[in-house]
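Just below sit the structures, each encoded as C-alpha cells.
Both of the next two complexes hold chain A, though its partner changes from chain B to chain C.
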Partner chain A sequence: MTLEACYAALGGDYKDVCGRLCGERLVKKFVLKFLDDPSFGLLRDAMEAQNWGEAFRAAHTIKGMCLNLSFTRLGTSSSALCEALRHGYTPEAEPLFRQTVEDYEATAAAIRAFRTEEEGA
Partner chain B sequence: MKNPINRFLARSLAIICAICIGVFGMLAHYLNRQSEETISQLGNIYMAGMNERISKHFETMTEHRLTQMETLVTTIPKAYLDDREALQNWLVYNAQARGFESAAYYYPDGSMEMLYGGEVTPAGPQDFLNSMQNGESRIAVGFNQAGELITLIGAPVEVDLPGKEDCIGLVGELPLSYISETLSLDEEDSIIYSFVIRKDGSFVVRTYDAFRNNYFERVQAMYSEENGKSVETYISELRQAMDAGEDYSTIMNIDGERRHIYCSALPNSVWYLISFMPYGALNESVETLGTRSLVSALIGCVVILLSLLMIFIKYSRLSWAQMQELEEARQAAEQASKSKSEFLSNMSHDIRTPMNAIVGMTAIASANLDNPQQVRNCLKKITLSSKHLLGLINDVLDMSKIESGKMTLNLERVSLREVMDSLVSIVQPQVRAKEQSFNVFIYDITSENVYCDGVRLNQILLNLLSNAVKYTPNGGSIQVTVHEEVSPKGEDYVRIRFLVKDNGIGMSEEYQSHIFESFSREDSKRVHRTEGTGLGMAITKCIVDAMEGEITVKSRQGEGSEFQVVLDLERCTEQEEEMILPDWSMLVVDDDQQLCESTVSSLRSIGIRAEWALDGESAVKLVSRHHREHSDYHIILLDWKLPDMDGIATARELRRQLGDEVPILLISAYDWSEIEEEARAAGISGFLSKPLFRSTLYHGLKHYVSADEARQPRPEKPVADLSGRRILVAEDNELNWEVASELLGSLGVELEWAENGKLCVEMFQKAQSGWYDAILMDIRMPVMNGYEASDAIRAMDRPDAGLPIIAMTADAFSEDIQRCLEHGMNAHIAKPIDIKEVARVLKKVLDL
Partner chain C sequence: MDLRDSQKQKILIVDDSEMNRAILAEMLGDNYDIIEAEDGEKAIPILQEAASELSLVLLDVVMPYMDGFGVLKVMNQRRWIEELPVIMISAEKGPTQIERAYELGVADFITRPFDALIVRRRVVNTILLYAKQKKLINMVEEQIYEKERHSNMMIDILSHIVEFRNGESGQHIVHVRVLTEAMLRALVAKTDRYPLTQVDIALISTASALHDVGKIAIDEDILNKPGKLTDVEFATMKAHSLVGAEMLDNLSTYREEPLVKTAYEICRWHHERWDGRGYPDGLVGDEIPISAQIVALADVYDALTSERCYKKAFPHDVAVEMILNGECGTFNPLLMDCLRSVAPSLPKLLSGEWTMASAWEAPKELTREILRQEELAQSGVFSQEGGHKEEERK
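Here is the complex of A and B:
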C-alpha cells in the first residue's frame, strides 16, 4: 500500500500535503506519528466525563493536526464537533462525536494498514 | 390640514383680535369723550371769564354815566333851587357838557318833560318807572322821535326842584352804539358774539344776524337738539337761571353747528348777556385730536394684531413642520415595522417550505428503509432543502450582524483571478440549467492581487450574479465585466469596477429606489415564484459600504438590469511570480474588440506578440496568410461563441489548413466538460477559462513551452534570510509542533518549544532580553491559552515585551483574527502550516 493509497483510504488530500510538506518523506513521518497522538484519547475521555471544555480543546487539536496533514474527512468531522462544542454542550455534539470516532477509526485503520505494509517491506 | 392645534390657534387669534379691537375702540371713545369734556370745561371757563369781563366793563361804563347823571342831580347848587330858569339852564348846560344828546324830567306817571333835545320814550316803561320810583339809577333802551333805538340813563331826584316838585328823576339820552361799544358786541375779529336780552327774551340790542324781536323765537327757529337736550328744555333752564340770577352755560346746536352758550345778568339793568362761542374752531382741533387719537389707537391695534398674526402664522408653521416630521417618522416606523412583519411572514413561509420538504422526505425515507434507491433520493432532497434553509438562516444572521454593526472586514491578499474563477465555476451549473448565455470580460487588469476581504467580495459578486441568473428567464444572457481604473485614493490603490448585466425581467423604477433596503422584494406576481429572504441586496449594499465602495443599479422592466460595484482596493505590492513566456506570436479570436485588445496587451506583458480577429472568417484568413508566409502563429486562442462561424467550426477549418501542429485553445466562460468531446474532435487542443487574467494566460500557456524553449529559470530572488532567528513556538500538540519544527527548520530558523501558554510566558521571562525574535502562538492550549499568554507577555516590563507574536490557529474566522489583534498579537496564520505563508508573515513582522 502506498502512502497515496493510504490517503485515498482515509479520505485525505495527498497532493496538497506533499506540496505543503515538500515531499513524501515528512508526510510519512507525520502520518505514522499520528497514531501515537493522545488527543483522540483525551477527546473520548472528556466526552465520557462530559467535560465539554476539554472535549472542545481536544477536538480543536485534532482538527489542527488534520489540517496540517490534509486529513480532509476526519478534519471535517472534528471541525464540526469543535464548532458544536465551542460554546459548551449542544445536542448536535453527540452524533458529531460518533461521526468523529468513526472517521478516526477509519483513518487509524488505513494508517495501520500502511504501517504494516511498510514494516513488512 | 385641519388639526386641533390649528383650530385652537385660529380661534384664539379671532378672540384676541376681537378683544384688541374692543379695548382700543373703547379707549379711543373714552379719550374722545374726555377731551370733549375737557374742551367744554375750558370753553366754560373761558366764556365765564369773557362774560365777567364784559359785565365788569359794562358795569364800569354804565356806573360812570349813572354817576354823571346822579352827580348832576346831587350837585345842583342851592342857589338854583329857587330859581327855576337858572336851574334849567344849569341842567341843560351840564347835561350837554357830559355828552347827553337830550335830557328830560321824569314824572311818576312815566311822562317826560324835555329839558332839551327830541322826545324820548323808554322801551320798557314800567320797569324803568319801577326803578326810578324805588330810587335806583337805571340804564335802559328807548326810542327817539324818529323811532330809533337809543340808550336812556336815568337817575332819581330826591330834592324838590322849583316848579317841578313832582319830578322823580332826570333822564339823559345816549346813542345806542354806546351800549354796543360798551359791551363790545360788534367786535368782528372775535369768534365770540353776544346778545343782550331781557327776561322775556326780547332783544335789548340786536346785533350779529339777529332780526327777530325775541331771542326765544330765534331759539325755536334755529336751534336743534344737542346731546339729548331739547330746545324747550334749554329755554326753561335758561329762564330758571335768569329767575334765580345765576349764570347759565350749555352747548346747543345752532344752524347745524355746535356752540357754547353762556348767559349772565348785566348789572344796573334787567338785561342778560348771552355769549356764543361756535365750536367750529375748537371743534376742529378737538376733532383733529379725536381723529388722531383714534388713528393712533387703530394703528396700535393693527400693529399688535399684525404681530400677533405673524406670531401665530410662524407658530402654526412650526407646529405644522413638527407635525410633518412626526408624520414622516411615523410613516418610516410603520414602513419599517410593515417590512419586518412582511419579512417575518415571507420568512416563515420560506422556512416552512424547505422544512416541510425535510419533514416529508424524512417520513418517506423512514417508510422505505428497505428501498435504498428511494432513501437516497429522499436524502438528496433533504440535503438540498437543508442547504437552502441554511442559506436563508445565514442571510438573516448576516443581516443582523451587519445591522448591529458587528461586521468586520478581513483584509487579505486576494487574487481577482481566483475570485472570478471560483465565481464562474459556481454559477456555471445554474447558467447551464437555465440555458443562459454567459460571458465574462476582463479589461486592463494590471493588479491581479489586491488587499480585500475575499469572502465578502465573493459574497457581493455571487449575490449579484445569482440574482441575475434567478431573474433572467431561460435562454437570456448574463455578462460580467471587470475594469481597472485609476483610483482617486492614490497610486497604491486601483479602482475596480464590476458590472453584472442581464437581459432579464428587470425592476420597476419604484422598486429600484429601495432595492438596497432590508427585507424588500419586489411584490409582483412574476417574482413570487422566486424564493429568497430579500436580504441579499441589503447585505450586498452593507458590505460594499463597509469596503467604502459604491453600488448602483440601472434597470428597466422587461429589458434587464445592470449592477455596478466600484471598489478602491489596495494593490498587493508583493513580488508576483515572474511571468515570462517565450517570444511567441499568437492570435486571439473573440467577437469583443475590447477584450481582444486587453488580452493582447496582457500577452505582451508576459512577452508574447499577439494579433486579434473579431470573427472566424477573418481569423481563418489571417492564419492562412501567415501559413503561406511560413510564419505560423505559435498558439491560437479561439472564443467558443462567435458570430456566424463558431469556435468549433473555425477550429475545424484551421486544422484543415494548418495540420495538427499549432495548438488551438478554446476560451470560454462555459464549462469545458460540456463541449470537450466535440471540441477535441474538431481538433482543439485545450481550454482556457475566462476571465483571461495575465496569470490565467501564463499558467494556461506555459505547458506549451517545449524543452528547448524553456529558459533556465532565473535565479530566484534570494529569500530573505531567516536563518539564525530564534522563534518560540507555543503549541500543545506534539505532532503539530513537529510539523512546525520540520518546516521552519528548513528555513534555518532556530525553534524552541513551549507546551502551553504558561510555559511560553515562563520561558520568555527567563530568557535574556532579545533572545527570541518572535513567538508563534497557538490559541487553544491547556493551562493558559494563547490570548492570556499574549496579554501576560505584553504586560511585562522588559524592552522586548513588544516582540512580534503571531497567532497560529485552526480557526480562521475574521472574529478570531480580530480577537488576536485585540490581545496584542501582530498577525494571524491559519492552520495548516504553509511554509510560504509563515515565511511571508515572519518577514513582514520582522521587517525583512
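Here is the complex of A and C:
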C-alpha cells in the first residue's frame, strides 16, 4: 500500500498535504505518529465522563491534526463535534461523536495497514 | 537579540498536541533551537526564565490549564510582549478570535492547516522585523542618552559659573540634581498624587541645576560674607529667586520651552515653605509646584552637609534629622517620607560611589515613553489625554 493509497482509504487529500509539508518524507513520519497520539483516547474518556470541556479540547486537537495532515473525512466530523461542544453539551454532540469514532477507526485502520506493509517492505 | 550572534535563535512552541509541536519543529528545521511547552501553564515559567533569550513564540489558542489568550495576558502584564514576538497558530478561524489575538499584541496569526514554506517565511520575517526594531530602539536610546548628557553638561557649566562666584565647590549643582532625581523617583514610587512621567523627572532634575542662577545678580560681598547678614543684605540675598525667575522669563526665544518653564518654577519658588513661611510669594502647600518643593529640600540638605563661608558641614545623619525635625522650615509630609526612604543611599549616591540606575535606565525608559506616546497618538487615543495634560501645565 502506498501512502497515496492510504490517503485514499482514509478519505484524505494526499496532494494537498505533500504540497504543504514539502514532500512525502514528513507526511509519512507524521501519519505514522498519528496512531500514537493520545487525543482520541482522551476524547473517548471525556465523553464517557461527561467532561465536556475536556472533550471539546480533545476534539479540537484532533481537528487541528487532521487539518495539518489533510485527513479530510475525520477532520470534518471532529470539527463538527468540536463546534457542538464549544459551549458545553448539546444533543448533537452524541451522533457527531459516533461519527467521529467511526471515522477515526477507519483512519487508524488505513494507517495500520500502511504501516504493516511498510514494516514488511 | 544580536544578529551577529552565531548561536541559533530560540523559538518556544506552545501547543498541547505533541504532533503539532513536532510538525512545527520539523518545518522550522535545523535553523533554530526549539523549546516546547505543552500548555500555557508550562510556558509561563519558561518565559519567566528566558524571555529575553527567546526570539519568537509560536502559540496555540485552545489548550488545557491555560489557553493561548491566558499566556498573552500574562505576557502583557509582565511586558514581555513588547520585545518578544508571538505568532498565534490555531484552527480557529473566527474573526473575533483573530481580532482578540491582535489586540493582545500578537505579531501574526496563522490558521491551520499550515504550509511549511509559509510558516518558515513568516517566522523569519517576524524575527527579522523585531530584531530591526530592537536595533533602532537601541540607536534611539543611545542618541537620547548623548543628547541628555550634553544638555546636562551645558547647564552644569553655566551653573558652575554662578556657583564659583559664590565660593562654592561646584559640587552643589551635581548634588542637588542627584538628590532631586532620587526624591522624585521615591515620590513616584510612593504615590500617584503628582502625575510625573519619566520625561517630567528628567526635566525637573535637569532644571534643578538652574535654581540659584539669580545669584549672578547679587553682590559678591554679600554672597561671600562670612558673618550674619544684616536685614538689608538678607533682603538683597533673597531677591535671587525672583531675579533668576525673571531672567528666565525674559528669554524671548525659550520662555515657552518646558525646560525653561520648569526652571522658572524652581528658581522662583525654591525658597517657599509648605507652611507659607517661605519667600518670595509665601505660597502654601501644593500651591508650590512639586518641582520647587523637591529642589528646596535638596538645596537645604546640600547646604547643611557642605561647608560654607559662614558654617561648617554637618554630617549626613545630622542633616537628615534636622530636616525631619523641621529645623530648616516645614516641608511637604510626603517628601519627608521620601527623604526617610532615600536617606540610607544618599551618601553613596552623592559621592558618586553609586550611580543612579537612571544613568542608563532613564534614556531607555524615556525612549519607551516616547515610543508609547507615538503609538497612542497614531491610534488616536493620546491626542485627547495629551491635550488635557498640556492644559494642566499652563
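The rule is short, and it goes like this: the second predicted complex is superposed on the first by the 121 of 121 C-alpha atoms of A that agree within 3 Å, B and C clash if a C-alpha of one lies under 4 Å from a C-alpha of the other, contacts with A are read in each partner's own complex, and residues count from 1 in each chain.
Just so we're on the same page, contacts are C-beta pairs under 8 Å (C-beta built on N, C-alpha and C of every residue); 3 or more make two chains touch, one makes a residue touch a chain.
Model, not experiment: these values are computed from the prediction.
Steric overlap between chain B and chain C is present once the structures are superposed on chain A. Contacts of A:Arg57 after superposition on the shared chain: both chain B and chain C are touched. By the touch criterion defined above, A:Thr100 lies against neither chain B nor chain C after alignment on the C-alpha atoms of chain A. In the superposition on chain A, contact of A:Met65 is made with both chain B and chain C. In the superposition on chain A, contact of A:Ser77 is made with neither chain B nor chain C. When the two complexes are laid over each other on chain A, chain A has residues 20-22, 26, 29-30, 33-34, 37, 39, 56-57, 60-61, 63-65, 67-70, 79 in contact with both chain B and chain C. Listed in rising order, the residues of chain A touching chain C in the complex are 16-17, 19-22, 26, 29-30, 33-34, 37, 39, 54, 56-57, 60-61, 63-65, 67-70, 79. Interface residues of chain C facing chain A in the complex, by the touch rule stated above, are 16-20, 22-23, 26-27, 60, 62-64, 90-91, 112-117.
Residue ranges of chain A in contact with chain B, taken from their complex: 20-22, 26, 29-30, 33-34, 37, 39, 56-57, 60-61, 63-65, 67-70, 79, 82.
For chain B in complex with chain A, the touching residues are 732-736, 738-739, 742-743, 746, 778, 780-782, 809-811, 831-835.
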